[in-house]
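Look for chain A in each of the two complexes below; its partner is chain B in the first and chain C in the second.
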Partner chain A sequence: MISATLLGQSVLSGFFAGCLYALLGLGLTLTWRYLKVINLAHFAFVLIAAYLTFQLVGKNGLNPLLVAVILIPVFFLAGVAQQALIEHYKVNEFASIILTFGFAMIAEAGLQWIWSADYQKLEAHYMRGSLQVAGLFLPISDIVMSLVAISLCVMVWAAMRYTWLGKALRASLDNPGIAAAFGVPNRKLSYLVAGASGASTAIGGIFVALLSTLAPSQIFSWLGVVFAAALLGGLGSPIGILAAGILLGVSEHVTMAITAPSWAPVVPFTLLMVILLLWPERI
Partner chain B sequence: MLKIENLHVGYGDATALSDVSLHLDKGELACMIGPNGAGKTTLVNAIARLLPIRSGSIAIEGRDVSRLTPQELCDYGVAIIPEGRRLFTSMTVEENLEIGCYRPAARGLKQQSLARIYEMFPVLGERRWQLAGTLSGGQQQMVAIGRALMAQPKLLLIDEPSLGLAPVIIKQVFETISAIHASGVSILLIEQNASKALAVAQRAYVLDCGSIIAQGTPQELRQRSEIDAAYFGAGN
Partner chain C sequence: MGAQTARLRRDWSPYAIAIAFIGFALLPAFKPPAFVESFLYLLFFWIALATSWAIFSGFTGYVSFGHGAFYGAGVYTLANVASHYSFWWGLIAAGLVSATLGVAIAAIVFRTRLRGELFALLTLALAIVLATIILNTPVDGGPGLYLIGVSLPNFYGSPASTLYLLIMCVGMMSLATAWFVQQSKLGRGLFAISDDEDVAEILGVPTYAYKLIACGISSALAGIAGGIHAVFVNYVTVSGTFNLEVPLFVLLMSVLGGARSWIGPAIGAVFITLLNNLFVSGDYALLIRIGIGLTLVLTTLYMPEGIVGLFHTSWRRKALPLTGSQTPSGHADAPLAASIAPARQYQPTGETLVRLEDISLAFKGVRALDGVNMEVRKGEILGLVGPNGSGKSTLINVMSGFYKPDGGRIFLSGENITALSGHLVARNGIARTFQIPRPFGRMSVLDNVIVAAMFGSEQLPERAARERAMHYLGFVGLDTRAHALPSDLNLHQRKFLELARALASGAKLVMLDEVLAGLTPSEITSAIAMVRRIHSADTTIVFVEHNMRAVMELTHRLVVINQGKVIAEGDPRKVMQDAAVVAAYLGTSDAED
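Entry: the complex of A and B
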């Protein structure tokens, strides 16, 4: 039997991990549903942003907030550029997997070439330390990341529901022709979604750099669990991916605590398969 | 208001409309009747710029619109009530209506427009938070009409509004169309239900196999027995 403290700590770490899954998956789930693009390059963007943060904060000594101000617009534009390419070549949903997988491979090679394949850790004094509550450790960096992830998910949810842009986006998903006939600018909206998704990779990447050790191969290690969260949460649903991310994170970490770490990756996919079997209309 | 000259539209190699010319005066209600597959929906979609045209011109208030995008056209005050309603089924009734006034010129009037539509169709007011896809056919048609009215249209394109509806609802739909017309909106009404359409129209066109084969006032058309036999036959 494991102690209550260990269990509590596992649930907490799982919660933080889940928030990171949601942060990394928010853009993915939106572009998947609204643009019909299954964007594997999303994780390449995240890692590129993480390495740039590693470089600019760790080596050049810039403040992470300044790095955010630089990277967010750049990655917004990168997202738009990628979407322009996909639209120009009329890439369909399936082909988008292959195209963006190719991009992810190239990015991995590029990152290795510049920063080597070794694990690296950003050494900086930002967001160090932790709070201690009832015997549990809450790292400041995880708290900040989780607050950002939760706020972004809630903001996107509210925007989809209550703003003109959000409603227009949903209308254009339901019926693009008729939406256009009422003045909805389908193409501009798709660029906006692609850009927002790109911007979210910058935010995710900065946190990945601040929270964890970096290796170029992480592009592909994030992929599985974040995909599972996107599917489990219902494609295009910001609250869904947050809930599913947390569910997966907590179940992974609790599994690790009561069995062995090697069992953790099995959890998300078992959960995903069970839920898809019981509830196939989920996707 | 609307002037179409020598319009040709096709799907791939197939021709769907050939040499179609028609006009609609300001404030007029013209109807277009014709059998299934005649090209009526193709004409509506071409006017709404949802389909590319091969040749010919479409002008609204004297300005050529035949090369515009649907979005640009909507700024000319053209709204569509499409065949089969084509609502945003996963959105609520009110959200459907809101998209109707998406164009900036109509957006500012959202509250007045909503109030007007809920007065016109009280059931939509009661069900404003319900998903449009879960409404009955008649209620969906009301949403489609309401959505188009939200756009503050000068020209309304209505494609087979009676399709698949019960007679009592059809009657209500036609009354509504007459009321919209009476409020000053120019209307091009597409219908297979010829007698109903001719009863409200001031001018009528008959489309068959992609060409206009007859036109005139409803009285003139009713007197032409060959058209009568073909289009006003059974059920009307």
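Entry: the complex of A and C
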């Protein structure tokens, strides 16, 4: 039997991992639901932002906050540009997988070209150290990341729930023609969603750079678990992906603690399969 | 579209496959340089995987990320079985295990009506779970497996040639299977599923069984290819087997080449394998990957149907002027000639064709149908009317087997058909049209109707189905548009296409769901005439309609539904004066009641 501390620590690290899944998946779930774009390039955006952070903070010594101020608008525009391309060529949901996979491949090769295929770690003094509560370690960087992830998810949820934005988006999803007749600016809305999703990759990328080691191949290693979180939480639901992300993260880390680390993927994906099969209408 | 091309010109494909097979089989005899054989090995390996993927995913449109799992199951089955028994037993076991896995997964997954993207995710999850299980159990155990002591059969005196020959056979077998499936009834059914699965089922396509069969064929071929590849790499690991390479590359190759065609995935495989292997030196590796990425982007934007699609497009452009020269209005009037037919030649026999007993159905607590009792008599035109949302369309959906009622029973000619799935109801002779036409969008008008004739109550073979289809296209005045795509038709013509499909199925009972909605007055006149002509051909009709002029003109009996209940039934004129019916349509006249 494992100790309570080990269990508590693995629940905690699972919680942090889950918040990162939510942060990386928030934009993905929104564009999938509302724009019908299954955006594999989302993770490429995240990694590009992470490498830029690695370069600007680690090599050029800029403050991460300043990097955020630079990267967020740039990635907002990149998201808009990709959406403009998709709308101009009327790329459907299925084809969007292939299109954005193409982008992701180009990005992976490009990253490898510039920064090599080796693992790299940002060495900086930001957000070092950890708090110790009741025998458990809480790394400050993870706490900050989780707070950002949770507040972003809640803010997006509130915006969708309490402003005209959510209503307009749902109307536009239901019937673009009728929505337009009632004055919903479909195209501007889709650019807003795509741009916001792009901006979220910048934030995600900065934290990925601060928290973990980088390798270009990570573009594809995030894919499975973040997709699972997006679908488990219900497509387009900011609170859903947060809850599902945490559920997946905790179940992964607890499995690792109880059995061997190599068993980790079984629990979340079995969970996903069971939910898909028993309650397909839930998703 | 591929099937059409094949019929217009003579189809040389099977001969081409046979000649290519013989040529490639004889190749090692000429002692080609070693790199030729190893390149061709990889080429046929990918042709086998991509083509087998397309047999299920390309043809049905259900994108699977699980092909890596089926392939990997083959790899590990052979690695385990061949060490203890022989290579051939290992290969047979690899095919069987993968096929079983594929059919089992499909059988579980398709019990529920799972949306396409959820299916894709589920198969991705399957691959990850399978990999984790293999890694942590004695199947692999962690460090990987060496295939020592597996004795290969010996062809041309070298293991390399033998492996090449084996994988070439699997590649060619996949191509031949894909060609055969595409030409067959199975293929027509799969394409129908891909375009509109619900309609396919209602027209008589056994969608569940077909998906299982296709998934079984697809995974068996992937398993066999995996088994041979296990010997080729000689040392198998979980991370080397179950990565994203297989599922993503087969998707890329199929999409690049054209996933709805038997040859498309192979073309994509040739293209990508060439790109991947032409410049093997490390300096170019990154450039090649950028090249592949760009190819994907440009293919999606400029050739959404893949390389094969380019040929079809050019063929269609040539073919269209021949068939598209007629103005759409020209044949809309054709049925008018028959509208002088006798108004009511129906002699009531009183014989019951369909009887509904106490049918109920609720959606999330809303009672859409609440104890409906009614019957359809043989040879009549039964009008089914009621306010919007009264349950008419739900009733049609229940009668055609699309929805299962929560309670009650349905009898067709005395036989209980309540529990039958949609395709069996169709085979028993019930057909319907959709209020908003739902043609198979990527099939020609003719192919749309052929599906109905092949899968309907008479299960006609292809040639007879084609004649039947042309007959009914002529009947509704669409024969000159037989090779057009449904998107080239106007609403009126698409509604007539729905009719042609329902009729070609050979149904005893045709249910028409608001065929007149959205038509202009002159189109309505011709549609009414059409309904009369159908009726005079000895078909019983259930006519759901809001247009009361048409209802009063056409129907022998009327059933009025309101809030899921039958509120009146009988002679149309009397029924329409019934107080309850007037109240349902116009509202209750308050206090006086």
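Convention: the second predicted complex is superposed on the first by the 282 of 283 C-alpha atoms of A that agree within 3 Å, B and C clash if a C-alpha of one lies under 4 Å from a C-alpha of the other, contacts with A are read in each partner's own complex, and residues count from 1 in each chain.
We adopt the following convention: a contact is a pair of C-beta atoms (placed from the backbone, for glycine too) under 8 Å apart; a residue touches a chain by one contact, two chains touch by 3 or more.
Keep in mind it's a predicted model, so treat the numbers as computed, not measured.
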item: First (chain B), second (chain C), both or neither touched by A:19; value: neither
item: Chain B versus chain C as contact partner of A:170, first or second or both or neither; value: first
item: Partner chain(s) touched by A:244 [first = chain B, second = chain C, both, neither]; value: neither
item: Which of chain B and chain C A:277 touches, first, second, both or neither; value: second
item: Which of chain B and chain C A:179 touches, first, second, both or neither; value: first
item: Contacts of A:189 with chain B and chain C, given as first, second, both or neither; value: neither
item: If touched residues of chain A are counted for chain B and for chain C, the larger one; value: C
item: Residues of chain A that touch chain B when the two form their complex; value: 164, 167-168, 170-171, 173-175, 177-185
item: Residue ranges of chain B in contact with chain A within the complex; value: 48-50, 69-71, 73-75, 79-80, 82, 86-91, 95-96, 98-100, 102-104, 107, 147, 151
item: Partner chain A, residues of chain C touching it in the complex; value: 61, 63, 108-109, 111-118, 121-122, 124-126, 128-129, 131-133, 135-136, 142, 244, 248, 251-252, 255, 286-287, 289-290, 292-297, 299-301, 304
item: Residues of chain A that touch chain C when the two form their complex; value: 38, 85, 89, 91, 93-95, 97-99, 101-106, 108-110, 112-113, 220, 223-224, 227-228, 231, 260, 262-266, 269-270, 272-273, 276-277, 280, 283
